[in-house]
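Can you keep this structure in mind? I'll have questions shortly.
Chain IDs A, B, C and D follow the sequence of writing; residue 1 opens each chain.
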Amino acid sequence: MKARLGPLGLATVLLLGVLAVVTACAPLLAPQDPNQPDLFNALAGSSGTHPLGGDALGRDVLSRLMFGARTTLLGPLFTIVLSTAAGTVLAVTAAWAGGRVDAVISRLLDVLFAIPGIVFALVTVAVLGPGMTGVVAGLAVAYTPYVARVVRSAALRERNLPYIAAAWVQGRSAVAICSRHLLPNLRPIIVAQSVSALGFAIIDVAAISFLGLGVQPPTADWGLMVKNGLDSAVRGQPMEAVSAGVLIALVVVAVNLLGDRLGRQEGDLR
Amino acid sequence: MSNDLLVLDQVRLDIPAGRDWRTLVENVSLTIAPGEAVGLVGESGSGKSMTARSVLRLAPPGARLSGRIEFDGTPVLDLGPRDLRALRTRRIAMIFQDPRAHINPVRSIGDFLTEAMVTHLSVPAREAHARAVRLLADVGIADGERRMRQHPHELSGGLLQRVMIASVLAVEPDLVLADEPTTALDVTTQSEVMAILDDLRRERGMAMLLITHDLELAAATCDRIAVMYAGRILEVQSAETLVQTPRHPYTTGLMVSRPSIDRVAHRLPVIAGRPVAAFEAGAGCAFQPRCTQAGPECLTGRPPLRELAGAHVACVRAEES
Amino acid sequence: MTEILVRADGLQKVFGKDMVAVDDVSFTVARGQSLAVVGESGSGKTTVARMLLGLETPTGGTISVCGRVRQGRAGSAERRRRAREIQIVFQDPYSSLDPLQHIGDVIETGLALHFPLTATERRTRALELLEAVGLTERHAVMLPRQLSGGQRQRVAIARAIAVEPKVLVLDEAVAALDVSIQAQILNLLADIRERTGISYVFISHDLAVVNQISDTAIVMAAGRVVERGPTAELLRTPQEDYTKALLAAVPRPGWKPRRRTPSPSGSPAGTP
Amino acid sequence: MSWPLFLARRLAALVAVLLVASFLVYGLLYLVPGGPMAFLLGNRSGSPEQIAAIRHEYRLDDPFLIRYFGWLGDALRGDFGQSLVYRQDVSDLMSTRLATTGLLVLYATVIIVVAGVGLGVLGALRRGTVDAVISLVNSIFLATPTFVVGVLLVIVFALGLGWFPVFGPGAGLPDRLYHLTLPAIALSLGSAAFLARITRASVGEELRREHVETARSRGFSQSHIVRRHVLRNASIPVVTVTGLTVAGLIAGSVVVENIFALDGLGSLLVRAILQRDFAVVQGVVLVLVTAFVLINLAVDVCYSLIDPRLSPGEAT
């Protein structure tokens, strides 16, 4: 697998690796305290101590980007873990049981489908109040049908293959067939699907933070930095908005590339 | 011979596989006279289907096609796009194995049948429609008017294959390439479709290259048969003599290993091993590893096709079997 | 009088509201017998096979295997017991094996479900079974995609006979194979029957293959049994028009394809 | 199945989905910690009279289901209750803003369909450099969130170059369109890239289909094959995705309106959430969900027109 990564793939893995390290070790790596206002540095441009300048309150933009990686990336990651788990369980149950169980689950998913993800997240935020919990909970529920629909149709196709029937005829239990045969064969699809959903989740979570409904100040977050950066830009200093915005785009590009690659590998194996 | 309709001479086809090339067809030479039916028989990987596609230059994208293909005196491999389209339009037509995949599912049967007449032959739509209905009648579809309005998913496989045949008749080509035209069909339907194809082809004096894995079917409907294995032709004979006196051990093996409805063998005589494609074959005769007659001389070079008592056979030990 | 292993009585299967796939089909399979179920697509022959295995539930009629009537959904213990009675080999050798499961594992999983063997015993037994179908130790560590179609079909056969069933259903098991491979598998099946005395239910559209492998046959069309009898007799002196037509359509020396007189609808039975 | 029956079924399904969705939206707001009272009062502390008035207005003393059906009945008549913050009818608040959002979504839809389908088809037909460039640009646009695009557009074209106004909706149609240009571009880039990608994949896949080989064997020219056999067949996934993305724009407009200070449904929703303006949240969400569901219905009808296999009215 590694051998077929290619230069673009390598760059992707490298970028995501660096991000993971920065996310984990932000306190060790950040040059400044991300929450320390410094009026002399307010809306300042690039300098030796502040490579990316300062925000409206004079906080170090680079340090805030480093710390911001945590909320910006961990939120979506939780969202995807939750929605993939829920979606897979629902999908495999529906595909295996068929009949009425399938019908009930499918209708449930249809209803969730009718509510756009970000709107659903806004509603949960309205209920739980602004903050990451509401955003992750809302998006996790909203993303579940997207995972479930893809996995269900794949599971249905797989479930009707003779090798599953053969295992059944041999007397294997339903649980064993699902866990030993069905899930391993669905794994590539599930992984590819959840990685590409991760790209969308990063965008949605950042957008909600941008609206001021996600992560609350003074915690650093890329979406929030774009929002604050817009005000700074109007006052003549676009560095904060541009750096945070470009970083979000870069991460999503990397995640999407990874998703494509995984999807294609899945196609090659078939 | 100058009066051959189609001449294949040392035709070779390679397709790209990563950085390598994979040979699918290797030095195939074959002729078809006007009005003649030739069967090209082989198992999977033999390259029979790719040979037929090569005639129309329908090889997969990136493929390398070499050798000489001459149709009615014209070198097909040298044709420009316009002339190639003209050749495909009026002179050579192809019938595919799976009509359900090979007919556009979102267009009606009428669209499918009249499209070529209207586009290529500039037949007015109304007349094309009337002709299409007549063609449907020719292939045994009586309620043509209704069928013309239907879509492929509303027709059975057998009916669709007849529609495919009708579409070929519409342009009255000189040569029909039929690629496993009945393999996807039930036996009774196969008999019917094959009979229709055979009748109409003879009536109109069209030549046919029938690609099939079924030696008996080829023998029943073709004048001559070529047996392919691993991208090469191993034997060419008239259909009549081939079934009586097959010259190549592979042909013999194919014939005796197929069970029959007339007799029961305690054990079927088998050809050991599995069929290989051209790029999988080692040096020497490609069939040698599976051949019961093989000797040391079979390991040196691919045996060329040579004449033997009215047949052409690519086996150095053909006289002994 | 030989023991009757399978007794199907008045089998019926209706899909949805009114799609009658199988209608009033009855037959028996005795110990050591090879019964062919012959028919074209849509005849209901595969549905019969699936009902025998419990993969479909009949809407009418009864199936009894080894003297016990099969009814309703079975618990896991009951399913394991049934597995020892009847097994199946499917048509498509490509999708009948788990693409991620090693060949040796395929066989061992079946053994582990049914026999109290140690890991070593299981491995030895799996290798014996692979050898019995013409494969070697080398194949045991391979994945299905490394095997040819014929080899995969051998694995599927080994998997089925591993649990030592009394009846083996072969659903078009040689239809997808090349002529030269088909003969090898037919011989293998004949060997296995000779050695173990297993019974076959051989589902096929191919009369020549049926002639080779079966001693009794039923001919199905549109879900019903049209004709039945000893295979040799059935093929030599068919009584029903449908059987005759089926037989007349098989290419053989001296055969010519024949056009039936164009029917007004122009379509064979079963088409819209 | 005939067309009327088909439509009736789809409409019934639509009503069912809306019913459940509205129940969800209504019910969720009762899960708020401290109950609906805490929500309604928000950060305000109310006098006993005020509390009593609110309890009366929102029928908080009635059982939940009765309240829900009462609200739903009013909503069907166009009465979504009163905003706590604006002291105005919710329906009035929404109707003035609907036009802005509607125009924005429509404008973006046009950009998405033209650019997305055009670039996708071009990429599929011109493999090589053209395709590679389009794919690269697509990957970047696809990965850049709407709000980042919006902010960058503001920085470059409004603040930097001064070509477009920064904020506000404008007055009169031409001026409004002018004001909406940057927002519409911000809203459409990602979706256009997505649509281009789907179109390219779909056209590419169709070009490899067997029936295209048939057409080729019959001597039709490439342009004839593309026109007659590829585009229509390839349009099924394209229509699906167009529908989904346009429906998604409704959500995306929330963000864009916020950046460009457009007074639309989206900014109303965000403000209502921040101010915990109960009735407005319910009303706006219900309208958004309805629009989303209606677009999906339109997509379903489109398929049936494109693909005879999915078409009602013919015996299969």
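FYI, contacts are C-beta pairs under 8 Å (C-beta built on N, C-alpha and C of every residue); 3 or more make two chains touch, one makes a residue touch a chain.
Source: prediction; values computed, not measured.
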Seminar exercise, completed: Any chain touching chain B and chain D at once appears in the list none
Seminar exercise, completed: Shared touching partners of chain B and chain C are none
For this session: Name the chain whose C-alpha centroid is farthest from the C-alpha centroid of chain A.
Result: B
For this session: Look at the interfaces A-C and A-D and say which one is made up of more C-beta pairs in contact.
Result: A-D
Exercise. At what distance in angstrom does the C-alpha mean of chain C lie from that of chain A?
Worked result: 48
Exercise. Between chain A and chain D, what is the gap in Å from one C-alpha centre to the other?
Worked result: 21
Exercise. If you average the Cα atoms of chain A and of chain B to get two centres, how far apart are those centres in Å?
Worked result: 53
Problem set entry | Multi-partner residues of chain D (each touching 2 or more other chains) | 315-316
Exercise. Do you know which chain C residues sit against two or more other chains?
Worked result: 272
Problem set entry | chain A, residues touching no fewer than two other chains | none
Problem set entry | Chain pairs that touch, as defined at the top of this document | A-C, A-D, B-C, B-D
Seminar exercise, completed: Note: in the complex, chain A contacts chain D through residues 110-111, 113-119, 122-128, 130, 199, 203, 206-207, 210-213, 223, 226-227, 229-230, 233-234, 238, 241-242, 245-246, 248-253, 255-257
For this session: Report the residues of chain B in contact with chain C in the complex, numbered from low to high.
Result: 43-44, 137, 140-143, 154-156, 158-159, 162, 186-192, 194-196, 198-199, 213-217, 219-221, 243, 253-254, 257-262, 264-272, 274-275, 290
For this session: Enumerate the contact residues on chain C facing chain B in the complex.
Result: 40-41, 148, 150-151, 178-184, 186-187, 190, 205-209, 211-213, 232, 235, 245-253, 255-260, 262-268, 270-272
Seminar exercise, completed: In their shared complex, chain B is touched by residues of chain D numbered 209-211, 213-221, 224, 228-229, 232-233, 306-309, 314-316
Problem set entry | Contact set on chain B toward chain D in their complex | 56, 58, 84-90, 93-94, 96, 98, 101-108, 115-116, 119-120, 151, 153-154, 167, 171
